[in-house]
Amino acid sequence: MKIHEAEARELLARAGLPVPDADVATTAAGARAIAERLFAAGVPQVVIKAQVLVGGRGKAGGVKLAASAAEAETTAAAILALTIKDLPVRRVLVAPAATIVREIYLAALIDRTTRGVLVMASAAGGMEIEEVAAKDPAAIVREVAHPHGGLLPFQARRLGFGIGLRGELLKQFCLIATGLVKIARESDADLVEVNPLAVVPAPETPGGERLICLDAKVTLDDSALDRHPDLAAWRDADSEDPIDREAREQGISYIRLDGSIGCMVNGAGLAMTTLDLVTRAGGTPANFLDIGGGARADKVAAAMRIILADAGVKAILVNIFGGITRGDEVAKGLIEARAQQDRVVPMVVRIVGTNAAEAAVLLREGGFETATSLDEAAEKAVALAAAGGGK
Amino acid sequence: MKIHEAEARELLARAGLPVPDADVATTAAGARAIAERLFAAGVPQVVIKAQVLVGGRGKAGGVKLAASAAEAETTAAAILALTIKDLPVRRVLVAPAATIVREIYLAALIDRTTRGVLVMASAAGGMEIEEVAAKDPAAIVREVAHPHGGLLPFQARRLGFGIGLRGELLKQFCLIATGLVKIARESDADLVEVNPLAVVPAPETPGGERLICLDAKVTLDDSALDRHPDLAAWRDADSEDPIDREAREQGISYIRLDGSIGCMVNGAGLAMTTLDLVTRAGGTPANFLDIGGGARADKVAAAMRIILADAGVKAILVNIFGGITRGDEVAKGLIEARAQQDRVVPMVVRIVGTNAAEAAVLLREGGFETATSLDEAAEKAVALAAAGGGK
Amino acid sequence: MSILVDQHTRLVVQGLTGREGGFHAGQMAAYGTKIVAGVTPGRGGEFGLDGTVPVFDTVREAVEKTNANTSCIFVPAAGAADAIAEAAASGIKTIFCITEGIPVHDMVGALAVVQQHGARLIGPNCPGATTPGVGGLGAKIGIIPASIHLPGDVGVVSRSGTLTYEAVQSMTDAGIGQSTCLGIGGDPIIGTTFRDALELFAADPATRALVLIGEIGGSAEEEAAAWAGEHLKHLPRVAFIAGRAAPEGRRMGHAGAIVSGASGRAVDKIAALEAAGFKVAGSPTELPRLLIEAGYTKR
Amino acid sequence: MSILVDQHTRLVVQGLTGREGGFHAGQMAAYGTKIVAGVTPGRGGEFGLDGTVPVFDTVREAVEKTNANTSCIFVPAAGAADAIAEAAASGIKTIFCITEGIPVHDMVGALAVVQQHGARLIGPNCPGATTPGVGGLGAKIGIIPASIHLPGDVGVVSRSGTLTYEAVQSMTDAGIGQSTCLGIGGDPIIGTTFRDALELFAADPATRALVLIGEIGGSAEEEAAAWAGEHLKHLPRVAFIAGRAAPEGRRMGHAGAIVSGASGRAVDKIAALEAAGFKVAGSPTELPRLLIEAGYTKR
């Protein structure tokens, strides 16, 4: 689960890491009030940032400076009126505009290859780490945190020295790097990224510098949300499609695509394979949908509702290889769903494995079109969709 | 550093572990006030416990029950008037008297052999673990906590099942065992012992039982007190001998004994050996004293003051094998100390190793009696003490 | 011969008294797997699997009393990582974890405990492994349906569940049997990687060809391909990669893979496998034909 | 020959730029030890030891640039455990930690990292080790005064600092030389135990007799004695235990030792050693005589 910058900042602040003195507003007036407080505290300029869960908000006009409270209000109003990549902006973060001396990249993330919490740092902050990796891989330094101990002090130092820090900045960097790993572990985050981690003038020491976490991105492990009800409450259900929400709540893995053939499959690998074969047969999949292992009739019916909510769906392919999942349960779910649905779409059903014979009886009695092999099912679905005007 | 039961209870309470609703008083009136609060809350009886840093306070009359506020006051007054094993009782803990169904032993401690945090549990609570170990070693179950992860859940369960717990009590036990290790690690404690960990009736569920940490003993790692100023403040300087305090503050390891020969040595092993050889030569050591490595003249002078504060000292043996410690520095310290001291005691000095030659010159000029071998030094010291009426 | 599971397997089922654990233990036993113990904390003293298998409170006790050497975990997600660590710390050397949805940070710690004790973990979130046998000598651990198998000499390793079944079924339908079928699981942190599995198969004299079923994301297929290109020259080998048609950028753990120099894309995985001598199928149904083309001959 | 330190030692001194580190590095170099690097975080790029030895910010860099294989740590107590872990994680296989007063819980974690990397730690709070040499071929690590040594073939291992010097001096005075003198340190958690040290000496063909200097507390002497009784029958061996006259119950970590079945008392240690064929001295000065009585002959 992705959380907004404002909440990511909150996680960092709770861990005692240096973050801007920012606040969130949902109205222009609210933004003005925050700006007024910041200007009163001596901030020369504020930055107003759209809180949306997509990248590229700066280019979309979602991040703007303001030099007065009045300007903050009008700017906030403009940003709150934006829709960025289909997502309406409902909240803005108002923060002091920082004088950035230099930008650093720092992130702690779950890494498949090293099978641990990988901490990456680069002196080339501000840009995407993928860009840095492509241009100059040597500019990225890495440490795998201790599996139980977190980032050990010497590892934090190695990262800091590795990106050229020394003295006071090195010390601060070590605290921040250690803190990010701690946040990742304690919040069950897959990713805690600070970009930029900015070097800014330290007001208290003339000529001195300090580090501040200017922007942060945090992704939480969905599997662990149960034990963090406080963090789970940060889910931005507003910016979630209602269908996506229903899928999530049903424990169904669903990704909407652009095509015409709705797919219902058990298992992510088989679901991807089904998409591949539909594509190979000349069709276009309307979605990825994995009903998971051991799905019962009601879950199958829910999956059908989710698929049919997409008006672009012209045909449906059901592909079930029974293991934990019982074929007859799926067949019952399909019959139940058909009884409830108001839109009739041609369907081809393939059920093999556990209780496939019982399923076959039910499907035959129900008059469903069936298929034996996966390739055959894909071809039939493509033909049905084409007959209905889809592809 | 040992801390009192009251502070150990505080550490457990902070970690969320179940402890009695107790409080500390330094006067009988204060004890009465606490007792009144407890009686008002429905407690049928209170227990008043002397806070002294020695074992066996129960047998010494330092733990008593009281059934009324008035009785609590008189009992507290009596306990506060006690001196237990040379330690005056300055504080009492007033707690609800528990109805104990069964007693369990549980401790987390630094263990030399397994080189980790050893957790020991026994169904035979209430008595000293050494006693259980001697009588029935199989009654003690052990787990070595993960060096970075603390006590893992399955380890806690193994301990709990190992002493015959099940169900709700097992769950509570696991939380407490895990908590003790956490306390040990976070407070840098060498020992966190709960004895008894009592099974008591659970008032909220009829017939139910729950666990409560009725008494706790905690020893903190002296080497780590610097990073726990809050815990270091719990030192009971009152119950510390002024000489012991001076030694500690000077970084001198000093243990007073009963004999007549004061010893000043560098290194614990050599200091023990010096005691052994004094004993073998027929003398009685007045103290163990290790001035540590690299001691300078002023530390040597302080050590001399500490030794001479013991009126039983009839002769002094100085035994220094210079490594980090420089012999001439020690010699200078001895000369300096002699200039300040008001009591003259015969002394034999042996300085070998680093800068022994320079030391020899200084000692000769200062008219000190010297010795070459350790055996010779011990024999001379015993002779000097005997001449002065000591042994 | 086979890998990981055979007639010497003495299995303890962690979570035997649960619905899933009980059901699949029955399936495993029916296939010929020796189930010697169950573990459910608090249920020690009971008997599972129709009263035939003793249940213990701890894995240590199960190992002491029954000489279990392998574990299969059906414990719910919140306790599964701890169950893995318990198995490893109790002397179990081969641990299958079927449970899905384990918090990934829990797995980081559990895997470290497994490695510390010199044990091997398969999974989590994996279907397990089957060594098909003739005449009741088969053994399976996990949830792969028994019906799809045929005894033989082709090793199968896969990240997926049902896709594995699909692939194995197509082989069985074509009369091509399997030495062992292994599902390694698709979670970000898993105990046994494709490369580990290939090393095991390479050391098994009974495995005469290999099938690898991968999918998009991460770089495990590329790493396995690099190793296989050097060490498996003697074995016919085929592969299938799911996700050619999947849209990019919808998977977790992406940054890590990218920075490791891998794209996670199907096209790159296929190229890496082909460069390492794998024939790569466009559909699981093509695997039997490609095996023959790669030089595999049925015995 | 010798154990742990010799002319192949390439030493990095962690804390070289400090007062203690600098002084003792000079002593070590003067004795013939090859000091190839220093490490002080933040002082990378400087040179220590009269400008002859490069200083690095990290041990990893020191190892990469100088092929250091051994480390000696003089870092202050608050950072010493981390310095140990850093050395182990950077490929250093033999780590001496001289620092005293390291919080014991820090050591629990550091020792686990050392073991995980297959490294060996000596100490902390130990004087180090010396392999006396003829004609400038000696090597020493730590703070044992060079002057007390004589090249020879008796291995010495001790928990104490100055008591070790006393024992070695008495041997040197009697014309009995040492193969290696090793101080393992007296802290509750140490990296190399008496038993570990005896195993190392047992594998060293140049060591023809052994001296063990123990003290009261814990059970390390008993454990070493049990091992030596079985494995060291061929070597003359003597011991000294400090603390016969010490009052009981004044030491930390007592409960652990007691529950392990050991009393920590001198009398029991002496009995265990004698049962294992050690001759036990009443004073360090008696060690040379006892060595001869145990069958040791000067070469």
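Order of writing sets the chain letters: A, B, C and D. Residues in each chain are counted from 1.
Heads up, the rule we're going with is that contacts are C-beta pairs under 8 Å (C-beta built on N, C-alpha and C of every residue); 3 or more make two chains touch, one makes a residue touch a chain.
Keep in mind that this is a model prediction, so the values were computed, not measured.
A.B. asks: Determine which of the two chain pairs, A-C or B-C, is joined by the larger number of C-beta pairs in contact.
C.D. replies: A-C
A.B. asks: Round to the nearest whole Å and give the separation of the Cα centres of chain B and chain C.
C.D. replies: 54
A.B. asks: If you average the CA atoms of chain A and of chain C, how many Å lie between those two points?
C.D. replies: Their C-alpha centroids are separated by 28 Å.
A.B. asks: Between chain C and chain D, what is the gap in Å from one C-alpha centre to the other?
C.D. replies: Averaging C-alpha atoms per chain gives centres 47 Å apart.
A.B. asks: Quick check on chain D: which residues sit in contact with 2+ other chains?
C.D. replies: Correct list: 109.
A.B. asks: Taking each residue of chain A in turn, which ones touch at least two of the other chains?
C.D. replies: Residues 146-149.
A.B. asks: Draw the chains as dots and join the ones that touch; what shape do you get: line, ring, star, complete or other?
C.D. replies: Graph shape, chains as nodes and touching pairs as edges: none of the named types, so other.
A.B. asks: Would you please name all pairs of chains that touch?
C.D. replies: A-B, A-C, A-D, B-C, B-D
A.B. asks: In their complex, what parts of chain B are in touch with chain D?
C.D. replies: Result: residues 107, 109-113, 115-118, 120, 129-130, 133, 137, 140, 142, 147-148, 184-185, 188, 190-191, 193, 219, 221, 223-224, 226-227, 255, 257, 265-270, 272-273, 275-280, 285, 288, 293-294, 321-324, 352-354, 373-375 of chain B touch chain D.
A.B. asks: Could you list, by residue number, the parts of chain D that touch chain A in their complex?
C.D. replies: Contact set of chain D toward chain A: 41-42, 44, 57-60, 79, 82-83, 85-86, 89, 109, 113.
A.B. asks: Which part of chain B faces chain C closely enough to touch in the complex?
C.D. replies: 146, 149, 152-155, 157-158, 161, 166-167, 170
A.B. asks: With touch defined as at the start, can you tell me which chain B residues reach chain A in the complex?
C.D. replies: 146-149
A.B. asks: Provide the residue numbers of chain D that touch chain B in the complex, in ascending order.
C.D. replies: The touching residues are 20, 77-78, 100-106, 108-109, 111-112, 127, 143-145, 147-148, 158-166, 169, 186, 188-190, 213, 215-216, 218-220, 223, 240, 242-247, 250, 252-253, 255-261, 282-285.
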